[in-house]
Amino acid sequence: MAHRAKKIVIITEKLILPGVAQIIERCGGTGYTVVAAGGKGRRNLRPADRLGIVDEFTNVKVEVITSSEAVANRIADEVAAQYFADYSGITYMEDVEVLRPRKFAKDPEA
Amino acid sequence: MAHRAKKIVIITEKLILPGVAQIIERCGGTGYTVVAAGGKGRRNLRPADRLGIVDEFTNVKVEVITSSEAVANRIADEVAAQYFADYSGITYMEDVEVLRPRKFAKDPEA
Amino acid sequence: MAHRAKKIVIITEKLILPGVAQIIERCGGTGYTVVAAGGKGRRNLRPADRLGIVDEFTNVKVEVITSSEAVANRIADEVAAQYFADYSGITYMEDVEVLRPRKFAKDPEA
């Protein structure tokens, strides 16, 4: 019953979550998971942060599971095109094996 | 010292976390990590949510690392059997390489 | 534009996050993401926890994406050497495909 799928992960600023969510839906993602995140990247190093860690959770980690690699790439491309010139972010993809693919039953991309 | 293991991830409603935790232990998982999560899936779309994102973190993302694929499958099967008719959820598995397998030392399934 | 990279994940006690962050930077990591986490492992089972789940999020899940497996291993080794005798923790590595490697542009290890 298991099947291979792609997990696409977008870590970016919380501010743009509504826009990212819209892109996910428009590109064919059928759901996503959001987790509050903090951290430090090259692009959001401000002088005051250089010696310490960033405590505030002003980022989000958004995950989308999709059986379509095309959907995953479309989401990554659109998020980058719309936001990554102005906002900090990284997008990566992982292979996953969905054990309970309930949500994929009517996936038009499946 | 590294060894390959399975990471099983269960994203579901916070409400059933205690039951999920019991299943993990009963099935031979020796630990788990829980993160608060929000998001949107096909099954928890209520009319009021359709245009916006869901802000409240009413879901959990539970991760179990196990050296036994049988344990991973047993956890996935039991969680689905007990809860996924009534609660929203997805379960997937990933390959990981445990670099510091301290917690696996006495794993009966190893 | 995609390229393969390593994601190293350290799940440990929140208390030592500042030290872990310093190790990441010293070892050549160019950014990291932190998520608050709870859970249960063999090493942090106290008598009061044995029957219930641990609700408080006193752990952190730290992720580092790096194009250098050497950097990943160095981070894992140093964190374990400095902390895992006294603090609960696990470190694992996953293969990821970075779709938008903006943050890697000036990665000295790339």
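Note that the chains are named A, B and C in the order they appear, and that numbering of residues resets to 1 at the start of each chain.
Operating definition for what follows: a residue touches a chain if its C-beta (ideal position, glycine included) is under 8 Å from a C-beta of that chain, and two chains touch if they have at least 3 such contacts.
Predicted model, so just to flag it, every value in this text is computed and none were measured.
Superposing chain A on chain B by their CA atoms means rotating through 120 degrees, a value rounded to the nearest 5.
Of all residue numbers seen at the chain A-chain C contact, under half occur in both copies; the interface is built from largely non-matching residues.
Taking each chain's centre as the average of its CA atoms, chain A and chain C sit 19 Å apart. Residue positions of chain B touching 2 or more other chains, listed in rising order: 35-36, 94-95.
Partner chain A is touched in their complex by these residues of chain B: 8-9, 11, 35-43, 52-53, 57, 59, 61, 72-73, 76-77, 79-80, 84, 89-95.
Within the complex formed with chain A, the chain C residues making contact are 2, 5, 7, 17-18, 21, 30-36, 65, 94-103, 106.
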